[in-house]
Every structure is written in C-alpha cells, then in structure tokens.
Amino acid sequence: MFFASDNSGPAHPAILDALTRANEGYAMGYGDDAIMDEVRDRIRTIFEAPEAAVYLVATGTTANALALASLTAPWQTIFCSPVAHIHEDECNAPEFYTGGAKLTLVGDSDRMTPAALRAAIEGEGNRGVHGPQRGPVSITQVTERGHVYTLDDLAALTATARDYGLKTHLDGARFANALVALGCTPAEMTWKRGIDAVSFGGTKNGCIGVEAVIFFDPAPAWEFELRRKRGGHLFSKHRYLSAQMQAYLADDLWLDLARRSNAGCARLASGLRALPGVRIDGTPDANMIYTHMPRAMHQRLVAAGGVYHILSDTLDSGDPDEALPARLVCDWSMPDSEIDRFLAAARG
Amino acid sequence: MFFASDNSGPAHPAILDALTRANEGYAMGYGDDAIMDEVRDRIRTIFEAPEAAVYLVATGTTANALALASLTAPWQTIFCSPVAHIHEDECNAPEFYTGGAKLTLVGDSDRMTPAALRAAIEGEGNRGVHGPQRGPVSITQVTERGHVYTLDDLAALTATARDYGLKTHLDGARFANALVALGCTPAEMTWKRGIDAVSFGGTKNGCIGVEAVIFFDPAPAWEFELRRKRGGHLFSKHRYLSAQMQAYLADDLWLDLARRSNAGCARLASGLRALPGVRIDGTPDANMIYTHMPRAMHQRLVAAGGVYHILSDTLDSGDPDEALPARLVCDWSMPDSEIDRFLAAARG
Amino acid sequence: MFFASDNSGPAHPAILDALTRANEGYAMGYGDDAIMDEVRDRIRTIFEAPEAAVYLVATGTTANALALASLTAPWQTIFCSPVAHIHEDECNAPEFYTGGAKLTLVGDSDRMTPAALRAAIEGEGNRGVHGPQRGPVSITQVTERGHVYTLDDLAALTATARDYGLKTHLDGARFANALVALGCTPAEMTWKRGIDAVSFGGTKNGCIGVEAVIFFDPAPAWEFELRRKRGGHLFSKHRYLSAQMQAYLADDLWLDLARRSNAGCARLASGLRALPGVRIDGTPDANMIYTHMPRAMHQRLVAAGGVYHILSDTLDSGDPDEALPARLVCDWSMPDSEIDRFLAAARG
Amino acid sequence: MFFASDNSGPAHPAILDALTRANEGYAMGYGDDAIMDEVRDRIRTIFEAPEAAVYLVATGTTANALALASLTAPWQTIFCSPVAHIHEDECNAPEFYTGGAKLTLVGDSDRMTPAALRAAIEGEGNRGVHGPQRGPVSITQVTERGHVYTLDDLAALTATARDYGLKTHLDGARFANALVALGCTPAEMTWKRGIDAVSFGGTKNGCIGVEAVIFFDPAPAWEFELRRKRGGHLFSKHRYLSAQMQAYLADDLWLDLARRSNAGCARLASGLRALPGVRIDGTPDANMIYTHMPRAMHQRLVAAGGVYHILSDTLDSGDPDEALPARLVCDWSMPDSEIDRFLAAARG
C-alpha cells in the first residue's frame, strides 16, 4: 500500500533483463556503445524527428538542468510554474548549471495559462541591461499537481513564448503518463505543439534511472555533450543507461506501464470518491491524486500500513471528521489488490 | 528640472576637492592607503562598531552582490521584496556572485512585513535536501518605492530572521536619506536593530562612485577581500575611493546632502499635491515620490523640459485628465528654484 | 583481446544479481534506503572509520568534483599531477563544481614528489589577495600512468600538505588495484597516512556505475549532500547504487576482482617483455602498462583484433622495427586465454 | 624614490580637471552620457576601427576578465604565459567570470613563442569531450617582466592561434608604453596583427581608474554589456569614467605620459648599469626593469628611502656583494631628479 511516489517501486523486470543482456563482452564507453545507436534511432522514430539530438542521463534533475542550461544564458530568467520541480525540488540546480540565471514564477497554480505567461514575460526584460533578460519557458507535463495540459494548452503556451522569441522546454518526468492520458503521439505532444526540448522520463515509469534529453533542433548538441561531461553525467559504462532505455521503449513497454499506473490511479480515485468525507476535484488526469480525506480515515490508513504524503502536521490530534489534504501516486507496479486493500482500510 | 534619478546629478564639489588633495605623491595601492585607515576608523566611530569590517567598492550592485555572497551559500535563497534592486535591477548579479543562489520574493509590496517574511521563510527549507535552503534576508532602506522602514519595522524583520537563524543585510543605497528621515543614529538603524551587514551608499548622495560594505561581525572579512579581488572590484589606486568617502563623511556632509534632497522632495510633493488631479499617497518619506498626475500635466512638463519617469506608454494620446503614474527623485543638487519652475510648468 | 580500458568490460554477475535482489517492493528514495545503511556501515568498518561520512554517486568525475568542491573555496587552487584525471579528463568539472577554483600542476610526472609538491605550494599563496589561495592536494592512486604510491610516499605527500594546513583528497578510481598491490588495509592507505577524503571507485573494477565518497572527518557531510543534490547526482531510486556497492564489498569481491586484473596485467607484461623489441619500464604496479612495441608488432595485433591505445599517429607507415608507445589495461574479466592469444598475436 | 609600481603615483592633473569639467548638470547614467559617445568615436578613430565595440570599466582585472569571458566558453582553456597577470594576480577572476574555464600555461617565460604556443594548443583539445576545449590566447603587452613583443612576434602568435580557429586577446595594461616603444600605430599593434580584443589600460599611465575594452568585431557587444552589468561594473555615474578616458586621449596625453615613463626607466637603467655589480639583461623595452644588484647597494637604497620590489628574503644578512634580484617600475610622474637621487644613493 505504497502511494508515496512513483520513484520508490521496483523497476520492471524487462529493464533488469536488458541490463543482463547488455552485460556481454566489451563495449565502447561514454555513449559510443551500439545500444545507444539503437536508442537514438528509436527515439527519433517515435518522435518523428529524424534530426533530433538525443542523450541519456541518469536523473530527472540532470535532464532538466542540462537541457535548460543549453537554452539559457546566465543573465536570463526561466519562466515556470511556482510549483515546478525545477523551482522547488532541485536545490538550485538550474541556477547552478546555467551559471546564475533566475527563475520567474508564472501565475499561482501548477498549470500556467497563456495569459499568466504573457504577463510574466511582459514583467521581465523591460529594463534594458539592468534586469534579467527573457529566457526559455519550462512546462511540466504531467504537472506537479497531477494535471495534464491538453494539446491546445501546450500550443497556446508555446505560441506565447514564440511571440517573444523564446524557446520552450518540456519537463516530461511523467511524459508517458501524460501521453496515454491524451491518447496522442509523442510528436503531437511536443514539436508539433512548438516544444523545442524535452526531458523524457524513464525513472518514474519502471526504469532504474534513465532519462533522455531530446533537442528537436540539434544545434545545442555539442554544447550539451560538454555540459554533460563536465557535470559528471557522462557514464563511462554508458551501455547500462542505453539498455534501460532500449527495453523501456521496446514493445511499447513504456506505454503499457503508464497505462497501468494511470488506471491504478483512476481505480483508487474512484474508490476514494465513493467514501463519505473524501473530496477529489475532477478526475485525476494521470497517476497522481490530490485529495482531502477525514483525519480518522488517514489514521486508519496509516495504522493499516498505508504510505503516502499527508500534507498536514496535525494527523494525530483534532476533529476526526476534519478534512486533511494528501497526495497519492500510483506507480506501474501497484496491483489492483493492493489498491482495493487500501480502499478497504480507508473505509474502515 | 531633472527628477529622473539621484544618480545623474553632479558630485558635490567637496568630493572633487578631496580627489585633488589625495592626488599627491605615492600611496600604497589596493586598499592599503592611509586615507582608507582614516575612513575605516571614521565609519567604525559613526556606527559605534569598533570591530566592524569596512570595505569600499565603486557601485551599489557590487556592494550588494559581494555582501550577500559573503552571507549566502550557493544552495540557499535570499529573502527580499519583489521590487528589490537586487531582484529587478542587477541583471542576476546576486545569482552570479553567490554561485547560483535563488531569491525568494516576500509579499507583494516594497515594504516587507514580518508576517510576509515569516510566511516566505516557512515556505522554503521544508524539503530537506531537495529545495533551496534558507539564506539571509535583504532589506532595502529607503525602499525602491521611496518608503522608509521605522526602527520598529527593522527590529521586527530582523527578529523574524533571527527566529530562523538567518542573517540580515541592509541595502542602504539611500542610507543617509533614511537616516535623516528617521532622525536616528547609524547604529540605531543597523546593528542595534539586528542588521548584520550594510551596503552604505555614497554614489546617489553626492559622490562620484563609492559605497562602503560594513560587517558588524568581521568574520567574513578575509573572504570578502578575496571575493572583491576576484570580482575585479579591488582598485589599485584605491585612495581615490577612500578620498571620496573621507570627504563624504567629513563635517557631516553626507547628512547635509541627504537633508537637502529630502527637503527638496518634500517641497516638490507639497507643491504637486496642491494641484488638481494629482494624487500622492502619504508624505514622501525620503527623496522619492510615486505619484499620479493627469496626462495633460505630464505633457506640459515634458514640453517644458522636465525629466522624470512616466510609468506609462500612453503619454501622447488619451484623455487629458486621465491619471498616469510617475516616479520623481530629488538629488542633493536640485535648487528650490528648479523645483518651483517644475511646479509652475505642472500648473500650466 | 580488449585492453583499451577497464571501463569497457562487463560488470561482475554478482553486481547484476544484487540489482535483481534489490528490485523487490518499495524503498525510500534519495539515499534513505535500507541497503545504504548497510553499505555505510560496511565502508566504515572496512576503513576502520566509525565516524566517516559516506555517499554514493554514479561516476568517478562526480566523486572527484563533489569531494573537491567540498574542500576547496572558489579562490583557491588544487594541487595535482599534470596528468591527473581531474586536470586532463573531466572537461573542467573541478573548476565548475568549485565555482571557479584553479588547478596547479605539480612537477612533471604522474607521481608527485614531496619536493615538487612543496615547490608548487610555495609558488602559490604568496601574493596576498592577488593570487589564488592554497587549496587541497589531490593524489591519484593508482596514478594515471599505472604507478602505485607506497604508503611512505602517501605519508610524505600528506605531511607536506599538512605543513601548510592543506587537506588531501585521494582519487581512488582504481583504489582496489592499489590496495592489493600494496597488501595493506584501506585505513593504512588513507587516513592512517593522512588522507582526508577519498573517491572510492567501483565502476572500473566490476560495477556498473558506482563510486563512494568518504570523508573521514564528517564536517562537510551536509554541504556535500546539498552539492550532490543540486548537481543532479542524488538518485531517486538510490537502492540500485547501494546494491551495487553492497555486492562489491560482500565476500571481498572487490579485492578478488582487483587481484584478477592485476594478475592479468602482470601476465601480459611478463609475456610482452619476453618479446624482442618490447620495452616496459619496471613491473606494472597494478593493472595498467605503458610500453613501447615495434610498429610491426602493433600492426599484427590490430590485424588480429587487439584493442588498446597506440599512442602514435604513425601506426600505418614507417620502419617496422620502430618502437611506438602504447597503453594496455586489464580489467577483472579478462581470461588468461585471451591474454595468451594476444601474446601469440604479438609474437607473430 | 618610488619605483614599486606604476599604480601608486598620482593621476595627471588633466585627468582631475576633466572630472571637474564633467561635473556639471545632469547626465544620463550607465554609459549613456555624451562624453562616452566622444570617447567611443575617439577610440575608433585612434584604432582605425569604425565598427569596434568600446566599453569602459574601472580596473584592469575587470577589463581582462570580462573581455575573456566574452570569448571563452566554460569548458574551454585560455592560453597564456605562466606569469600572466590573469594567471598570477587576479585571484581566479578569469575562472570566475568564464564560469569555470581553465588556463593553460604556455612555455616557461613571460614571452610566449609561436612554437610554445603551438605545443600548448596541440596538448589540449585532443581528448574529445573529456578534456578542456581550446579557447582564446591572451597576450600581455608589455609583458609582466617588462618585455615588448615586436609586431612580428604578435603576428606570429595570432597566426598560430588562427591556425586553430582561436581568438586572441591583448592584455594592454601598459598598452601605451608598448606602443611608444615600438613606434607604431594602435591598429598596427592590434587588429592589423590579428588581435581580436584589447584591454586598453589607462590606470597605470596617469588615470585614476579607467580601462577600455575594445572588440574589433562587435559581435560580443550586447553580451559584454550584460556581463558588465551583472558583474557590478556598470557605473551609474559613468561620465566620470568617460571623462578620464577623454582627457587621457586628448592631445596625445596618453602617449606623452608613456614616453615619460619609458624615458625615466631608460635613464634609471642606464645609470644602474654603470654601477659595479649591477646586472640588467638588455635594454628595458618599456618602463619596467628586472635587475640584479649587490645586497649592500639594496641596503643603501632602502636606507635612503628607495621603494621598489626586492625579490629576495635575505636583504638583511649575507655577503654584501651577493647579487639580489629586484623589480623597478617608473611611472609618468617620476622626475629625473628623483631618478638621479636614487642612482646617487645606489652609488653610495
């Protein structure tokens, strides 16, 4: 009954099998392995982007920071949501990798609107040499609150950025979850909607630790390679990154896993919503739920071994009916039986 | 009729005379000149801080960035007002000098309140290693909107910072203007109210280009010296910085100049407020006014040669009675006759 | 017949098995997994250092850069050999992670001597605020030319550093190879000889990608954690790093693997030395040989499928007897049969 | 009798007069003053470079660091002499401003040779993504040991750089001294010999504190302006920088002052060389002498009030005839009478 995060479950067995298969003989290091050639081709095919530059790194923070550093000068500011991972959860990695750029927070929700983005852009870059200059826009899809931007949303945001000549980056730590939610193609969710660079996540969706960075215009490629190396992110035994991504993409495993976690989350939400005192706004778009549940229900769940984020300090004492907020995330590995057991515990 | 800024007028003649006096014979470079010894002693006396570390640099951005860098680790965030000079007007200098720290904006006005500061501090530093860590608080006195914090305001802000073990920096680009407005001593406006480090401005108040950085606890002294040197801010012919500051502090010139600019500003505000359609909220605390004046009045002033910041793009066309916002700043050199001429032009 | 590097062979099967074993159920992320607790204890035991701070990262460049950044201020210089990996092969990672520190090259060989180190230290830090300040000393063991410092060598170098109050870092990318060559304990090769921090390599010796960073004085621990996070080097699914290190250290696997690669290298060197025209200076200390071999011999080896670094551009044309330099490295996986096949090809 | 440095004497009175003249009325700040327009034109004329980008800063370290940062990526290395000011005397300013680039030391003297430069360039940039990439070449004219490169020397160095597609920067802290020594035009000593960017010094040659940075290809102009601002080097009251440079260039003052200091130095060298036990290699090219003089002579000079750098720790004790090295520098202000008094004291 572990719903704390999708980075805490096991990797899919196919990923481990791929490591074992890759563990044969001698392979060139540092990204020159043959599996990487396959991976690059496969990603270009999946994204319908035959010219794209494609790189692998091991963590999502790295993918975001290196991608953004390649698009951002040190005197610029990156536009993002106030709850963006790059702002809240990377210990100033973007500031570090860009050499001191700033982040400008857009609006007051996880979902940036074109109007809020336009206002934020207009608010910067009007002071000549004195203020920060306008830099790229970073969009998180699935957002940090579990929402999925529609394709029209994405197009409107990138059009706004383009009005000012700005590039856009997609933080796709949960790329697959968004994709299956929208039922579109990778190209449709990215460059066909104006996205310039993508952090394409694997770690949260069944891999051990691998993310791709994709530039649809390969101009920053060499610079990216140097940034990756001097950041310490170029693996000598790179084949083990490649093998993870290879297995992740093979036979649409990545889509299957995302469908599983989204479906698990829907089952969980549907079950919870039927319980008295539980409030969930809307359907969860992907595999993450923000909900309010009565204190007594939380207490029962914790006592039964449920693990998830209760966003309150007052679990232990207070009105048993008081609604306390919580975040629940399903990963690919969560069986329906566990979800049902959790719901039973919630029910009491 | 120049009210655009207090960095555009002439330097006081005493400052230039001091340069000429200093221009005798050979002097040790790099801050080891005898005048600097005098200046250090004088500042320690003025601030009643015999142990303070005292340094000179040539620009306000430098004073702020170097002072903050000495108090801030790269993984921390600096708390400041959303209109702070360090946020809006230094082209990411604090981010650069700290090696990639972040700025967290406190509240939504130029004057931080203890409650807003507490909320901002509480909002950071709760995510362990993931989020930015809490860094120092930077307070601007006079604020960028012309307000002066009372001594109680300052004490309450530094007490809030201290509750979390955080240091405070005072951006005193207009230190003297605030001091004469409050009628207190330098010590009362700084360390007696809990301030740890000060950017003590001279440039905007009659100097050519000199600011002191003062640390009441001299622990960061050597680190500051290294930061200043590698930032390119250590002058070989340092005596010309020292001489400016020496003359600025001699015979209370700095206080006289600040009184002049504050008085000029009061005269200007009082005259404007008497005119129909002009709105000024409150008395200007120091030497800066934010006001609204009718479009036609702006047009008359511009036509008559008035120079100041009209904070609107629609000066030329529209309802003549529509109120357009503006900022006016008085420097020490503005004679009453010019102010009166400006008021006459406003009157039409 | 792959002797190009010890980062190109397969991982030991026990490492892969450990990943599979670790791939059960849900585990706290970001270094809070239970396996990491075991690994920390085990490393403290092995190093007889119960207070040591112990962290895992995925690459050697990261281990070095983060360890050095924790010991070096941006205005300092790091003392190292002119062929140090941190100088030649990390694309300015130390400069990046330290925020702009410098590297001062010591002497003209891979093995620093105390005299050369003393001369280098004396050459810096004498210009007050003007020059770079003296920072830590970084020693590579096994050196980049395959040499192993004796315990007395290490003690003499760290004593020299300590004379100036400087810390020492050991780049132990091939730590195990050096240890078995010296036949001493980890404590004897590190803190008992004055070393303050160690990059303890696993990747080149049979792991997939894992290195430990060890600080014998744990003072920099929290700073290191923040540096690791904002560098993007904190793995969410950290258990897969922990599991590698766990298996690496279990049952002295790490020592066995190092003994195998050293023995393979000795067999190779002994076989080569017996051939006419081959020159190897001294016994290889560990698992790396620098040698000169006749051009014709190189040509035969390449034709037979031998892979290794020929340090010359003139393989194809020239006197068949001319000696061309080369580097050969044995990893743990190289069977004697392959070595013998290589020697047979060399013999022609 | 002050021969310690050319940054310790007075500024020329014309420079101070210019400040006074500039101190009239209100002027746009931040480089938009009318005097700067004149200065830019004048420098373009003097350098026969009508398109050049021209900026002013207050210190030589700043000029070098900002100019180099505009030409250098963080993963590159700058080629310079081992005694270059940027290496020895700027406390890692180039590393700081470039965001972590490296310096590669060329040869073992103050004068780089094309052969040594070629060898240094060949030694870098051959390791793909692993090593630092090749960056610009920085040439100091006058060198830190008082030598002046000939025009052919400069052409040969820049041709070598260009062979590898590298840019060249001239550190001209003593630009005027070199120029009058060579008797050529500014264009001949710079872009006509292949130089791309110049730090054009004023501070050491009679100014208070002003240096120009000149890019013959203005492409980096906007980036430079942003770097200057966020470095804290953009003066609000910029007219006082402009005025110094205006007066410095007017009526060839800059050339007169350089001729005076070079002539004073020649007089000093000639007088010293006539004394028994004094050794000076060659004629001093500009205004700096490296010499050996007997210990007893040094003792007499110090006793008489002579101030200069004795490059030995053993002034006080030892053989009176032992030759101890020293550096002597003449600035523009040194009268012949003082030089003769110094020579008399040396003679004893």
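Order of writing sets the labels: A, B, C and D. Residues in every chain begin at 1.
FYI, contacts are C-beta pairs under 8 Å (C-beta built on N, C-alpha and C of every residue); 3 or more make two chains touch, one makes a residue touch a chain.
Protein names from UniProt, one per chain: A, B, C, D = Low specificity L-threonine aldolase.
All values reported here derive from a predicted model rather than from experimental measurement.
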item: Higher-contact pair (C-beta pairs counted), B-D versus B-C; value: B-D
item: Centroid comparison with chain B (C-alpha atoms), farthest chain; value: C
item: Centre-to-centre distance between chain B and chain A (centres being mean Cα positions), rounded to whole Å; value: 42
item: Inter-centroid spacing, chain D versus chain B (mean Cα positions, whole Å); value: 34
item: Rounded Å distance between chain B and chain C, as computed from the means of their C-alpha atoms; value: 52
item: Contacts with 2+ other chains: residues of chain C; value: 74-75, 90-92, 96, 99-100, 129-130, 133, 226, 229-230, 234
item: Interface residues, chain C side, partner chain D - complex; value: 74-75, 77, 88-92, 95-96, 98-103, 127, 129-133
item: Interfacial residue positions of chain B with respect to chain C in the complex; value: 30, 73-75, 99-100, 129-130, 133, 223, 225-230, 234
item: Touching residues on chain A, where the partner in the complex is chain C; value: 2, 4-5, 7-11, 13, 16, 19-20, 23-29, 57-62, 65-66, 90-93, 96-97, 203-204, 208-209, 226, 229-237, 240, 307
